[in-house]
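Next come two complexes built around subunit A: one with subunit B, the other with subunit C.
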Partner chain A sequence: MASSGIFWAVLGAALAAGCAGAGSAIGVGIAGRAASGVVTQEPGMFSKVLILQLLPGTQGIYGLLIAFIALSQIGLLGGGAQMNMELTKGLMYFAACLPMAIGGLISAIAQGKCAVSAIGLVAKRPDQFGKSMIFPAMVETYAILALLVSILSINGIG
Partner chain B sequence: MTGAYVDKNYVYAVARIRSAELKLLTRSQLDELIAAENAEAVYSLLKEKGWGTESCRTWEDMLKSEEKKLWELIEELVPDMSVFDVFKKPGDYHNLKAAIKEAAEETEIPEIYTSESTIDPERIRLAVRERNFGMLPPEMAEAAGEINDSYLRTKDGQLCDTAVDRICLEEMVRAGEASDCGFLSQYALLMAAAAVIKTAVRSARTGKSRDFLNQAIADIPTLDRNALIQAAMNGEEQIIAYLLTTDYADAVPAIRKGMTAFENYCDDLITRRMKDQQRESFGLGPIAAYILARKNEMKSVRIIFSGKENGFSDDMIRERVRETYV
Partner chain C sequence: MSKVPMKHIFIAGLKTDRKHVLEMLQRAGVVQIESGGIEHEGLMTMNVMGDKALFDRSSNQAGQALEILNKLAPDQEAGLLKSLEGAEVISVDEYTRRLDIISDAMKTADRILALDKRITEAKAQIPRLQNRIESLKPWMTLDVPLNYEGTEKTAAFIGSIKNAGAPEEILKSLLDDLEETRDEAPAVSMSVVSAAKEQTCLFFVCLREDAYLVENALKKIGFARAGLSGTIPSAEAEKAAGEIKALEAEIVSAEEGIRGFASERKDLEFTADYYQMRADKYDVLSKLPQSDRAFFINGYLPAAYAEGLKKKIEQKFDAEVEITEPAEDENVPVVLRNNPFSDPMETVVESYSLPGSGEIDPSFILSLFYYLFFGLMLSDAGYGLLMVLGCGLALLKVKNMKPGMKKLVKLFFFSGISTVFWGLMFGSFFGDAVKVIAATWFNVPDLRIPGLTVPIWFEPVSEPMRMLVFAFGLGVVHLFTGLGIKGYLCLKAKDFEGFLCDVVFWAMFVGGGIVYLLTMDMVKGMFNLPFELGPAAANAAAIVAGIGAVGVVLTGGRESKNPVKRLLKGAYAAYGVTGWLSDILSYSRLLALGLATGIIAQVFNKMGSMFGATIPGLLIFILVFLIGHVLNLGINVLGAYVHTNRLQFVEFFGKFYEGGGKEYAPFTENTKYYSVKEEK
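Entry: the complex of A and B
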């Protein structure tokens, strides 16, 4: 039991990539449905709505980044894995990955819904594309904060 | 729909509607139509904007084709069209009135039937003609039989119309509640309440009997039917005193000014509720608001065409044209 830390560390990395990725998939998916609706009526709007659709996709990338950092710290990438890692240390890695897992999941879904509204705005007023980007981009702030806390925590443990 | 994906947030549909809203006529475009020289010029302007089809020959054809385009778009977007029964119920009951009168007078006027209905007009026609009301949905069948008998006995067209309208309003409210859409249920309730209040006020002014009021006043959740009938028996002031105790107290100043002011008040209220839907990105509300906006647009265009054909001045037409959604 004392050496089961590696399990918790890997679970943390998996959750960071999995939850943030799932959030992005939901966010990009919902925005994609709205984008398809606009392009059905106005094919010329494709490039504008595509950018808005992709905004909730960043959380999945952040989650992947955290998973890479965590896995390389514990030695699962590049060799020298700490297979007998102490439980406390493993739980610390697990806790360090949680901000990205939870923050990524929730912020990506919220950003997806916001992107849907922004796509509606662009559909109605194509000249307001610049402003329409800002509203969903604000949600990104909280994904970046989660990413920072996870990176700093993982590096602190190492 | 077994196994099919149903988007209950209507994300795709609402986004498509937002794009479609760009093609709604704006106030300045309506003004341009009003300023046109004659009905032919209005027709040409609308054709340039994509209204009608190649096969359209008259403005009536053009409006029918626009109505068809509207429902084709909505059918593409909403898998279960029964949520929009609120808009189609009046068509069913219009067809019922037409069928009752047509059968009683032993004439045939197929053009008075509307296809914007939930029940095939031919089915209603056949049910009334053969007096086989079991062919109709249960909520319509019993009332249709009674109203038909009453019309054959009395030949009182007004009583027949008001009795059918009462059932129609009650059905509209039920359809609004069944749609599970806040905007649609509010719309149905508001339309029904406006019609009930108008009937009560007009009945009080013309001294209608309790029997007539029992036939004419619909039972809707926000008004106490018995209290309203009693008030209508005692005069307009009693109706106003009763309405002050209900959700419709704000409408009293408009009612005091007259029925036109009250109708304008109701139209403005519905337009405000429709405009609220422009801020929504999910759900049936924005789609329902678009349907109403297009129907209002078609009503405005109809007013412009008939105004031009009958030689009304531009100002007279402008007064009657409805406020736009965009």
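Entry: the complex of A and C
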């Protein structure tokens, strides 16, 4: 029987894109609801609240990034897939994708909630836009750290 | 790179000149007027709330009328570039000449608002009428009114049953029910007006003497009377349709009426500004102490304008102007002035907090790192080129740009240049677009153009560790620059103790620690460092770090008198080294965001080129390329902007900057469309 390593590697890539994407969808979603509320009252705030709404969207992109790196490392993109990858190696890819999957999912939701508050802040004090952007950006740090560990691990395996 | 020196101004003048002096100050737009400043018996401030509210309302009315007008008859000259422009400059003469149109313009505004109200009301009525027509639809074949109750001998019931089923079944269940109540069932005739799945509309006739019985039986099977309308349904529907037509015509004519005022757009703009200026003037008026004959103004202005303004006021009016140096501890409003390269940073500094007293304007140093980090995070020559072209075009075409907007556009212009530079260094031009196009359509699989397909320096995707080390290195430089500025500020304030304890010890502690780490085998292996420091350097670094650490522990809690408490506080202060660690790690976002841009661009290029070198393939490639790269550019410019700001605000400013300066808000023409300037 051929080794099932490749399955685990693809599963890891899928989880990285899927979980981080789901987290971003939730985060951008709740921030979007708050943003719509502000725009009903103050249409002029559109561009500011839009920026804040988009902040939790980056985790989805990081997830995509990890999925892409992982898929091209195992040769699913661009040909030459390692169909008989060893189980250990596949599991290593899987593990390498986990930080992004978990970190992305949770941090995007937390960042979304933070963005909701930041939108509330901008609605009341439009002049404090610069600061309001920083609070959600603090949350993103941990998504970036997760991304970093995933990138470095995948690169290390390959 | 500095804060503009400010002067204190005090004006005493005759009340008869008050209006003109204030107008002159408003047009000059450089004096920030403070309330009070002189205390004396008999001096009062005016209560202007009523007048101000009136002017505010008038300004709003004109503004609303303009908005309505612009929605229905958009300004032909309006456009993207036009929207960046600031207020049009007019002379005092022209301003005075145009004052005549104010009352007419206000009438126009009233008329536009009245027409708009009619449109809103008509628009609210139409759906109501449409609902009525919809509810009459099942009854259209009926030729008696819905509230018809029968003739002298007969009783009629008009109404509907919800979810009833077939008409024959309805009749059957009705007759069954009637039979139960009386041996000889009363005669009932049923005709179906319309039958739909949800509701069946029916018309029943019976003898008047049986009316009571029949009605009860009908109620039992869920029959509901149709309504109270005394008109024949088809006629009523026709009437409603007619009303809708009339309302629609009214809307059209009202809109036409509003469009007819398009030629008065400029007058409305002028009026909105006029009342805005007057409202602002009254606002200032409430701050001025006044006696029976005189008024006093107290405020701040940039030193450069002080003498000129003094001369101008004293020449024109019987007024006394006094210019003085503000006291050391006065909370003087802050104005930043920088060279054209660094002045976009003023908006960044302002959005954090203006420098407080005793602090320097960090704009210049900020600009060096800001553009650098932005470029590294976006790091694509193609995207950078788009930013440079777009912002450059806006800067060239729009002469009279709003100052804040101009700074922002310039910020992206310079960031774009840096993005192009780093894009070439890392070999990214719309990702790997050049390579993909060459390989797919020109059959050149390995095109090597430095900067566009192969990196001039190195490729972060294939050497992420190298990029990470570079990012951390920049981070250390950035943080130590911040620490250096703190040291400079301490020396300037002659706080030598602070300089030694908070700057030198920390620099030794962290700097020695970093050098020592670099000599460790584990770190060398992990980062694949190209240099060797040797054991001597390791020892020296360890000693320096040790001295620094001891210094921090001993002095970190120096404000406490109790020696035990001081030592404990010092130990806690030394724990702050973890903060330095997380600050440095934070610069890994330079790598992460840079990779994100490049790899997602590659994903889109790959998706686009999947269909090969065919004509449909070409079309798909163009489509995917456009949509994908616009999306990627948008989201990554946002990311680069936010995270560059974060690195400055949190990591860099955290080392030396507190802010808390007061914003300079001069008494000026806070207008949207026009700005009146005194002749030179």
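Keep this in mind: the second predicted complex is superposed on the first by the 156 of 158 C-alpha atoms of A that agree within 3 Å, B and C clash if a C-alpha of one lies under 4 Å from a C-alpha of the other, contacts with A are read in each partner's own complex, and residues count from 1 in each chain.
Methods note: a contact is a pair of C-beta atoms (placed from the backbone, for glycine too) under 8 Å apart; a residue touches a chain by one contact, two chains touch by 3 or more.
Predicted, not measured: the structure shown is a model, and the values here were computed from it.
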item	value
Superposed partners subunit B and subunit C on subunit A - clash or fit	fit
Contact breadth on subunit A, by residue count: subunit C or subunit B	C
Which superposed partner A:V10 touches (first subunit B, second subunit C, both, neither)	neither
First, second, both or neither for A:M138, with subunit B first and subunit C second	second
Touched partner set for A:V38, first subunit B, second subunit C, both or neither	first
Geometry of the superposed three-chain model: angle at subunit A (Cα centres of subunit B and subunit C, steps of 10 degrees)	50
Contacts of A:A123 with subunit B and subunit C, given as first, second, both or neither	first
Touching partner for A:I151 - first (subunit B), second (subunit C), both, neither	second
Subunit B versus subunit C - smallest C-alpha distance in the overlay, whole Å	5
Footprint of subunit B on subunit A - complex, ascending	30, 33-38, 40-42, 45, 113, 116-117, 119-120, 123-124
Complex contacts: residues of subunit A adjacent to subunit C	51, 54-55, 57-58, 61-62, 64-65, 68-69, 77-78, 129-131, 133-134, 137-138, 140-141, 144-145, 147-148, 151-152, 155
Residues of subunit C defined as touching subunit A within the complex	348, 350-352, 461, 464-465, 468, 585-586, 588-589, 591-593, 595-596, 599-600, 602-603, 606, 635, 638-639, 642-643, 645-646, 649-650
Residues on subunit B engaged by subunit A in the complex (per definition of touch)	7, 9, 11-22, 281-282
